[in-house]
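The structures come next, written out as structure tokens.
What follows is a pair of complexes built around chain A, which joins chain B in one and chain C in the other.
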Partner chain A sequence: MKKDVSKGFVNVVFIVLGMLTFLTMTVGPAAAKDKIRIGCAIALSGMNAVPARVSQVTEYKLWAEQTNAKGGVYVKKYGKKLAVELVFYDDNSNIETCTKMVEKLIVQEKVDLMLPPWGTAFNFAVAPLVSKYGYIMIGSTVSSAKWKELSVKAPYLFIILNQPQKQGKAVTELLQDVGVKSVAIVYVADLFGLEHSGVVAPLIGQTSIEIAMLKSYPLGADDLSPLIKRIMAKKVDAVLAYSYPDSTFLLTKQMIALNYSPNLLFFGVGQHYPDYRESFGSKTVEGIMGLGAWNPKVPASGARDFFNAYVKRWGKEPPRWGEASSFAACQIMEQAILKAGTLDQKKLRQVIASETFPTVIGQVKFVEGTNPNYPGDVGQWQSGEYEIVAPKIKRTAEPIYPKPKWPSRK
Partner chain B sequence: MKLFLDIIISGLIQGAIYGLIAVGLNLQYGVARVLNVAHGEFVMVGAFATYIMYTVFGINPLLSVAFFSPVSLIAGFLIYKNLFQFIRTSSETAEMFEGNSMLASFGLLYVIQNLALIWWGTSTKAYSYLSFSVGFLGVAFEANRVAALFVGVAVMISFYLFLRYSILGKAIRAAAESPVSAQLSGIDVHRVLGICFGLGVMLACVAGGLVSMMKEITANMGFPYLVTALIVLVLGGLGNIVGSFLGGLIIGLVTAAVMYWQPELSLVASYLIFTIVLLIRPQGIFVRQTNGR
Partner chain C sequence: MEGKHSPVNKLFFICFAWLVAATLPFYSPAYVLLSITSILMYVTLTVSWTIFCGPTGYISLATATFFGIGIYCAALLGSSLPAPAVVLCGGLAGLAFGVLVGLICLRLSGFYFAVFTFGLSELVRHSVLWWEHNVSGTVGRWVTGTSITQAFYSLLVIASLSILAAYLIRRSIYGMALKAIGESEEAAEHAGINVVVYRIAFFAISSFFMGMAGAAMAAKFTYIDPNSAFNPLISFTPVLMSLFGGIERDYGPILGAFILTFISEVLLSRFPYFYTLIYGIIFVVVILFMPRGLAGLLGSGHQHKFMDH
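So, the complex of A and B:
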């Protein structure tokens, strides 16, 4: 009999322990939430790995480290600061893999927030997906005139980078302002080149500037000297090349070797890298212009701090365009969590869509899902800094025109 | 006339680079039967090595290319001996070896690329060497590209003479035609195939060194060269070393010509040739109909 009583007691103890364990398992995580998990499916390998790491991964890691160093992000719902944890998945530069990875991060990893993949096409591919699951995403490497059509299907995607229409207008005004008479426009034959040239050419066409040439060239070209020689024959004042980093470097190299230096030389992407300045030298790149610009002199709180922190952490200067906006996107998410007091995506979306956020790229207030107030639409290398020269009201320096000739070489 | 000369020289310059890379791949796939998808990564390694030697130590890129040739040959040989030879001996059939070795080379691609990303980081770099133009019959060409053409052609002629007249070259040709017969004739096939793989790596590194004089360098620059090499391989014919070099020159010439008139179609032209050759002459345009010699 005594034996039965003790056996029953042991059973009760086990049941109670079991119930406690169950309660801990079900209620525990919410009560004991100690970090904000942020998912990001992005190219860590493959063709897009270099630009993805340069323009996003580096900035996200810097933000996470800085945020955790100050104890994390305060979330009112939990009554404390939560550390942030970045969960990266490698999409292998494959758009299909990217969509699968995004879904996996949301459904299986159950991350609290999402960061975008690299590039316009990838962002467009995942935008309907994140919107379906109701996750906000702030794209910092998205630039497309087609955005308006997609935004209806993707209300949770915000775009922080400057967009082709606005940049096209700034480029045209700059050409008029410095007195360009004729221009050759060349562009890489993909969505980026087609859209930007498709915007800027009609705008220039409405002015008195003559478009002497409008030609595309293929992605990954190994020799662009035939194109350069055709441009040289046109004797234009300005060359606008809507190029990616590979062709930006190649065109520069070949133009130097062929001793062709137009009065205005403008590239798409890559000319804003400090690597570009270091590869060719400050004197050589003096006066070269490019699409989009940011520098630590812009009137934005923390711009200089971001620049210094980047140099300290990575041992080199940050590129001077959309990279700062990747950091700014994280700042916006952080501020939105503070304001909403929760990680609830609907509430966060509401805050992001309606509030104004001070960031390293200035005050950001999204209008119809995009940021109309980017700090610079055109940059120009001047004495080692990538100065903002358009739009006029945001200049950090007056444009140099004509561009100095290439320095003499041995 | 000037335009014609411009297209021919520009095409030959680019074609020589494609040819070198394709000959390397042909030695690896046509002879050693390893479809090495990491081949482009060795172009990147060659470009990095040359860049560092020039910018850090001030060593002439062409000297670096000469220095790294035997180093890369030995490295390639060791990769074959330690990775692909093991797969060859453990694969039951030739088809199984081809499949397994290709998968292993995918692994090699990711290992090399990620090591480069870790070590090199996300930098895009370039340097200026012979960065001026030289005139030839009134047409201007970049001096570094002309130098690359001379080196490329010199390497290929030396390589052709080596294959044609040296004992080892004859052994390679024998192994390419029939590994079994070669083995029965007393040729150490594993050693020969290892050397073929090593020579493939060497040619990719030489091409990479030359490319570094002309273009920017990044950790992910290699893959497009693999794609071009595969096109050239199909054009020249599997196992046909001279055909690969000539195929490279053809692709270079066609690309240069199209680049003059319709730049946007220059890539399309390469793929069009590739498709036509696959349709009407899948064994390659330089392979004799008899038995692929």
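So, the complex of A and C:
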């Protein structure tokens, strides 16, 4: 039986050696350049998988398919059109895995371009790394006032989504415009909730609107009715909830259950999903507002086409905020390659930093790495469409105020 | 048990493996180094988890806590102290907290211990969140990044130390005592084993290595927030890895961590859409057909054949 023990040991050695060999195997870049390989390490599994899919993966795939149907992107350096290939890696909703996978895409797969992961924290983690290797990256699900710190660490990152400071201003102006007298602000205890409430509360504080309540609730809370009851006791006109999709759905459900319908109800993320409208019904969500907005009516070339193509490809409507900007990010990369005539990241960066790009979210011209001209800062469900109601000059419809009461339940 | 069959061969193999590992940065592509670094991290976590939980049979689900404490140490001290000092501080913080946790859950065993430690790690995550939010006024922090090579070497040293510690403890009188505690705490008490001291000390030692691993790995996170630093997944992974490798042998947890990290990496990159599915199937197969883990299957033909427990 001695033999068995050493045999086991030899087996172990072989397994380890085999794995090392497998690890060192690299997919060598093809000799003749015939396609543009674009890497993306994003949550395909884990808790971020659903938002990552609807907000980025579906848009990227749609863009790649449309581009390849046209024959690809013309790159002057190679004198021909190159097809695009998306290389997705799963980050398992884990930041450490994400940074590892991003580095793998760059070092091992040697991709030509990079697309960002989902969510502010993940983008923050990945951006310095991607910049270190000199890859451009256009983040469409990043929302944080900290981007200024980031732009120093990550000069190759561009943020296409609208940012807290501007949105806070738009929200405040909207509240004044419709005549709100008092407001309760609640937010999820996370970078997102903290920053947005941190911006909007002082702005509202400067107006005559009374802030009756400013309170956070924990991420992943599964009963928010005590919070709602406290809000109810304040008898406010407006409720601003800087919430994530899970709590947006939960708050809506529990507010209906408690039959609490404030004159203005505003959520953070999730209310802009068509799934939100469908699960509660068009009548119920009528008048509900939320952070950030885009819809096919915005004055942007191709907005309607993108909407229709999305419905055709995925069998459902695209959500109405950053999703279009994920598609726009791809359009910008495509146009930058056309203009630069190369896949050289330095040149691409110069082009992206200085030029103006027509996209499905309108003309994008990056200023200090961010896009100051997003099509909508506040949206509102009106007869099944998520209309832009703030800022005032970008309205696709006038705001409905007060919000209709919940439809009576049968 | 083993050990007397071919000690020279084994020693040779270990030295060889270590030498290969230590010289890796000189000839391996950057990416392999990156993978091995993350494998070493899981080896450290799994081996140090096994130090306490292996012989006693108490399933601790607080690994994420100690790992996260290490990460936060690095985030707080990373810019002011040299890297080895940061790693050591992470370890010491883990140790101190390990003693505290050990004290709190002194009377718990079995199922209660598992649930308690898990609840505790969630409590810590939310407390840090609360602290960052209300006291520091932020949620996320930057961690000073290091080169791949530096992270690799620190993890190599930590993993080697934890393996050595696990090896020595298992063969010492303390290892026996822990096993006795696992079999029956009262009997161990009557046999003159100071159960309280042993439980706390070895729980803290395993926390020490977890803290060091966190501090060394922090640089790879670049940006941390409480939810990513205290990721509950980190608490479950070592349990799965040591079950997969088999806790009856020294090399079981190492093998388990090595192979599972490798498999998940291949799945995440080559089969990104089927990661969870395939990972789950592997697990079901292992639990059903390899109750002693890989090590049981590989190295002990004389101990069991297939389903013979």
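The criterion applied here is as follows: the second predicted complex is superposed on the first by the 379 of 410 C-alpha atoms of A that agree within 3 Å, B and C clash if a C-alpha of one lies under 4 Å from a C-alpha of the other, contacts with A are read in each partner's own complex, and residues count from 1 in each chain.
Criterion: a contact is a pair of C-beta atoms (placed from the backbone, for glycine too) under 8 Å apart; a residue touches a chain by one contact, two chains touch by 3 or more.
Quantities reported herein were computed from a predicted structural model and do not represent experimental measurements.
In the superposed model, A:Asp91 lies in contact with chain C only, and not with chain B. Judged by the touch definition given at the top, the superposed model places A:Val54 against chain B, while chain C stays out of reach.
In the superposition on chain A, contact of A:Lys253 is made with chain B only, not with chain C. In the superposed model, A:Ser216 makes contact with both chain B and chain C. In the superposed pair of complexes, A:Ala201 makes contact with neither chain B nor chain C.
When the two complexes are overlaid on their common chain A, residue A:Val311 makes contact with neither chain B nor chain C. Once chain A of one complex is fitted onto chain A of the other, the partner contacts of A:Gly270 are limited to chain B, with no touch recorded for chain C. When the two structures are aligned on the shared chain, A:Ser225 is found in touch with chain B, with no touch to chain C. In the superposed model, A:Met101 makes contact with chain C only, not with chain B. The interface of chain A with chain B overlaps its interface with chain C at residues 44-45, 189, 216, 218-219.
Those residues of chain A lying in contact with chain B across their complex are 44-51, 53-54, 58, 186, 189, 215-227, 229-230, 245-246, 249-250, 252-254, 256-259, 270, 273, 275-276, 278-280, 409. Looking at the complex, you find that chain A touches chain C at residues 1-2, 4-9, 11-13, 15-16, 19-20, 22-24, 26, 44-45, 88-92, 94-97, 99-101, 103-104, 107-108, 121, 124-126, 128-129, 132, 146, 149, 153, 189-191, 194, 216, 218-219.
Interface of chain C with chain A (complex): residues 2, 5-6, 9-10, 13, 17, 28-32, 34-36, 38, 126, 129-130, 133, 138-140, 142, 145, 148, 217, 220-225, 227-228, 231, 233, 251, 255, 258-259, 262, 264-269, 272-273, 275-276, 295, 298-302. Interface of chain B with chain A (complex): residues 6-7, 10, 13-14, 17, 110, 113-114, 117, 121-128, 131-133, 140-145, 214-216, 218-221, 223-224, 255-256, 259-260, 263-268.
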